[in-house]
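The two complexes that follow have subunit A in common; it is paired with subunit B in the first and with subunit C in the second.
After this line comes the complex of A and B, so read on.
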């Protein structure tokens, strides 16, 4: 019997759960195909297959799905309604599964997390494994291993960042935003490149230890209920004492961000700029804004010395 | 110094009447209505709102600013659902930064409106409100909303065919003032029956094969006529029978009861719920096709996330059922002429299709 081929689009939640998924399917003995970094072609395909008002990250996601069609047996499209009790996610994540299955004609794996209705991550992984025909024991051991590896990789990244913060004397900028915006070739990577050229150390908001998340969120917002936005807020309030400035990255027109950003911008005490990226963005405009922001930070540092 | 408390709330269609009724009966605060929505309201609201927030936020904020100028110092906001649940905190922050002094109360707790959260809100207003009184007037208000929605339903079916111009609107105004002075269940029901009879007696000239159109979409733009640029009025002037699903009684209780049934009805398209009214709208699209309607109008504010998730599915449903559908996306800058032109073109198409 040939191996099952699973396609994982490298967009949206891949940047959060990618390691977990890949290890899980590798342990089960599936073949995995991960779509390449976002290219111009992928973005254009995505725009063709999505609504004009959908956010940039969603359009990119649809492009990745289009790339994977006919290249694999199943595509992993997660449906996440709620990952923490009494909290919510952007409704795009709960619509994702049905949206993709209606737009494209392809096989999808059922992967559903809804903690409020007693369907947690472990349950999602077992139903997913069972639907592919693996034994329960194999699934559990693969899930445990994947979880361990995910934790290890995350801790490594966080400790690397800690070392960087402690040792660096250069100007440090916190790149804050959803992981799928920060690490995407067309959204975050552009900004990263400009910052690196200007000799600046970058701190990422998704490399953050969420041990004191609840207390740290309260500094910025008391009633926010979007899990991913709370992580950004907590990371900002955690790092705002050690960095020189914050760049807040948003893809246009993100629903939860439109309100959360307002709270962040009004409550943060250090220089902060909000870059809103959409598919018609000009590189020069971005460059000018970032460079002038860096100038402000440099001036500020001089004055403090 | 203990200042007199003046309470106010944002507008939503005609529902300010039952809500004001509830607040005056339950609390000893002075209740004022926000000034009616005008162009100025939305200008004020957009000025202080985040850039790409959805339009209801801007309307609500505009209402708040205008009512604060009129002397309100306690504001009420509902909350719950999608982004709407996070409105109160951001609006409070924006208004406080503008220098207003007030207290903001929310009906929702965390992210959903429950009986418990409403109870706690009213306890916050006044600890001495007895429970029986709260239950009595809440149910009375819900009944009033239900009666209003029933009448509205009848109006929507027939307003396009009225013989005497504006007769429906005048009678509705009369009914609402009469409702707002009712004393209890008996007097409310008596008034409802009286006006129901009056509405049935209004002369209409309705052909058998008139055009029938269903309005689906996001709740605020459906219920607040100003935000949809009086779309329903426009449709009525074209002699079209209108069916609209969203109203407050739907949101209050029908939605919860129907969720499972709706999901079963559309199980060939959807497996999961989408959030807010997403799944309901897919259901409605299918329902309208099965009922033999002539067209669907989908309305939403710009950037409404649940609807953006639902639209590709609705599009598929309509393609399968060969149903004409038009999408409107409203923002604070939408041009009224553009909407009219598109609507007229849609009307012409429906007419030709019907033959």
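After this line comes the complex of A and C, so read on.
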């Protein structure tokens, strides 16, 4: 029997759970294909297969699905409703599965998480494994291993960032936003490139140890139930004392961000700028905004010295 | 005498100044870009050369700013290429060291710059649309059959400005037509337009910003006295419009080129060189980047627009 080929779109939740998914399927002995970095073609395909109102990150996601069709047996499209008790995610994450299955004629794997209704991550992985025909024992051991590796990789990234903060003398900017915006070729990477050309050290909001999340998030918002936005807020309050400035990245139009950005902009104590990226963006506007922001940070440093 | 050239190439107009070591303006010029920044700059330099006349100057610094700063910076071999926000702030601060707020409304974009103790602390630019910028005012002037230059003077004659919805250019235009058909007076509508530019600016670019005096108002629209008056009424403070307000970006970037220890050489004869731009689509990866190549006297001098090294035109030519 040939191996099952699983397709994983390199967009949205990949940037959060990618390591976990890949190790899990590897341990089960599946073949994995991850779509490449977003290219102009992927973005254009995504726009073609999306409704106008979808956010740029969603459009990119649809482009990645289109890329994977016919290249694998199943595509992993998660349906995430709630990952932390009494908290919420953007409704797009619960709609994603149905959206994709309505637009494309392809096999998807069932992967549902709704902690408020007792469907946690472990449950999601077991149902997913069972539906592919693997034994319960094999699934559990693959999941445990995947969890361990995920933790290890995350810790490694965080400690690398800690070393950078401790050793860097250059201007440091915190890139804050959803991981799928920060690391996408057509959203965060564009900004990253400009910052690197300007000799800036970049700190990422998703490389953050969430041990004190609940306390740290309160600096910015006392009551908030958007899980992913809480993570951004907590990371901002955690890092704001060790960086020179913050660039807050949003893909247009984002519902939860429109609320949380406002709270962040009001409560942050250091220079911050909000860049909203859509598919029609020109680089010139982006460049002007980032360059002037860097000028502000440089002047501030000179004045403090 | 050492001198420094600053050029600010906007969407609508191109501005240039030549300054000496004490930031005194030796020559200045202000012309329309007419969609061709390279030709406009040649014309600008020609004007500046004429104004300098027989005075002996040696230009050792060139700075460019504005939306075509990179293109023109390459063309003029600039020793500094700076974004317009910083350039405007530096230029304004050299004349008004106490300034706290700069309003700027240009042809296509509008900005607010907040300054504390002589350094820029915050800024904002218009995000999604160009409603309430110079381009909007000139198209409405066209519709009303008035010269945009007369707008401010006519607005001041109005006793009861008409309210015009200015959240969006398209809606503002239909609202304006509607008001005309209803029989509102032209001067009231023009005054209403000026007010709507101001309220749109303050609710969009100026949203959530603490506006402190002294306030300087610049950009092409600052020449419109009706808008200036509307600003003063809205913020409750005097709004200063400098007669050289349109030159602040060019002045700022000239000062920055003076401060840059790295110097360049510049000759007025650059007008005789042939510059050409060419757009090439790179097909080496799925990104299909459009690469702009700049050549001087048929020789490639710079290229940009590629996302990855596959489209690097410069290294390719140097290899061969």
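As a convention for this text, the second predicted complex is superposed on the first by the 305 of 305 C-alpha atoms of A that agree within 3 Å, B and C clash if a C-alpha of one lies under 4 Å from a C-alpha of the other, contacts with A are read in each partner's own complex, and residues count from 1 in each chain.
The criterion applied here is as follows: contacts are C-beta pairs under 8 Å (C-beta built on N, C-alpha and C of every residue); 3 or more make two chains touch, one makes a residue touch a chain.
Just so we're clear, the structure is a prediction, and the values are computed from it rather than from any experiment.
Asks: Here subunit A is shared; do subunit B and subunit C fit on it together or clash?
Replies: Fit - subunit B and subunit C, as placed by superposing on subunit A, sit side by side.
Asks: Once the structures are superposed on A, label A:154 by its partner contacts, choosing first (subunit B), second (subunit C), both or neither.
Replies: After superposing on A, A:154 lies clear of both subunit B and subunit C.
Asks: Could you tell me if A:92 is touching subunit B, subunit C, both of them or neither one (first, second, both, neither)?
Replies: first
Asks: Using the superposition described at the top, determine whether subunit B or subunit C touches more residues of subunit A.
Replies: Of subunit B and subunit C, B contacts more residues of subunit A.
Asks: In the superposed arrangement, which partner chain does A:102 touch: subunit B (first), subunit C (second), both, or neither?
Replies: The first partner, subunit B, only.
Asks: Just to be sure I read the superposition right, which of the two partners does A:253 touch: subunit B = first, subunit C = second, or both, or neither?
Replies: first
Asks: Applying the document's definition of touch, where does A:288 land relative to subunit B and subunit C: first, second, both, or neither?
Replies: After superposing on A, A:288 lies in contact with subunit C but is clear of subunit B.
Asks: Mind working out whether A:261 is in touch with subunit B, subunit C, both or neither, as first, second, both or neither?
Replies: first
Asks: Go through the superposed model and pick first if A:303 touches only subunit B, second if only subunit C, both, or neither.
Replies: Second partner only, subunit C.
Asks: Quick one: angle from subunit B through subunit A to subunit C, Cα centres, nearest 10°?
Replies: 80
Asks: Report for A:218: first if it touches subunit B alone, second if subunit C alone, otherwise both or neither.
Replies: A:218 contacts neither subunit B nor subunit C.
Asks: Closest Cα approach between subunit B and subunit C after superposing, in Å?
Replies: For subunit B and subunit C in the superposition, the minimum C-alpha gap reads 5 Å.
Asks: Hey, what residues of subunit A end up touching subunit B and subunit C alike?
Replies: Common interface on subunit A, subunit B vs subunit C: 276.
Asks: State the interface residues of subunit C toward subunit A in the complex, per the touch definition above.
Replies: Touching subunit A from subunit C are residues 67, 82-86, 117, 119-123, 125, 127, 208, 285-289.
Asks: Which of the residues in subunit B end up touching subunit A in this complex?
Replies: So the residues of subunit B touching subunit A come out as 50-54, 57, 82-83, 85-90, 93-94, 97, 110-111, 269-276, 278, 302-306, 308-313, 316, 329.
Asks: So in the complex, the part of subunit A that touches subunit C is made up of which residues?
Replies: 39-42, 265, 271, 276, 284-285, 287-289, 291-293, 295-296, 299-300, 303
Asks: Give the list of subunit A residues in touch with subunit B in this complex.
Replies: 50-51, 53-54, 58, 79, 81, 86, 88, 90-92, 94-99, 101-103, 110, 112, 221-226, 252-253, 255-256, 258-263, 266, 276
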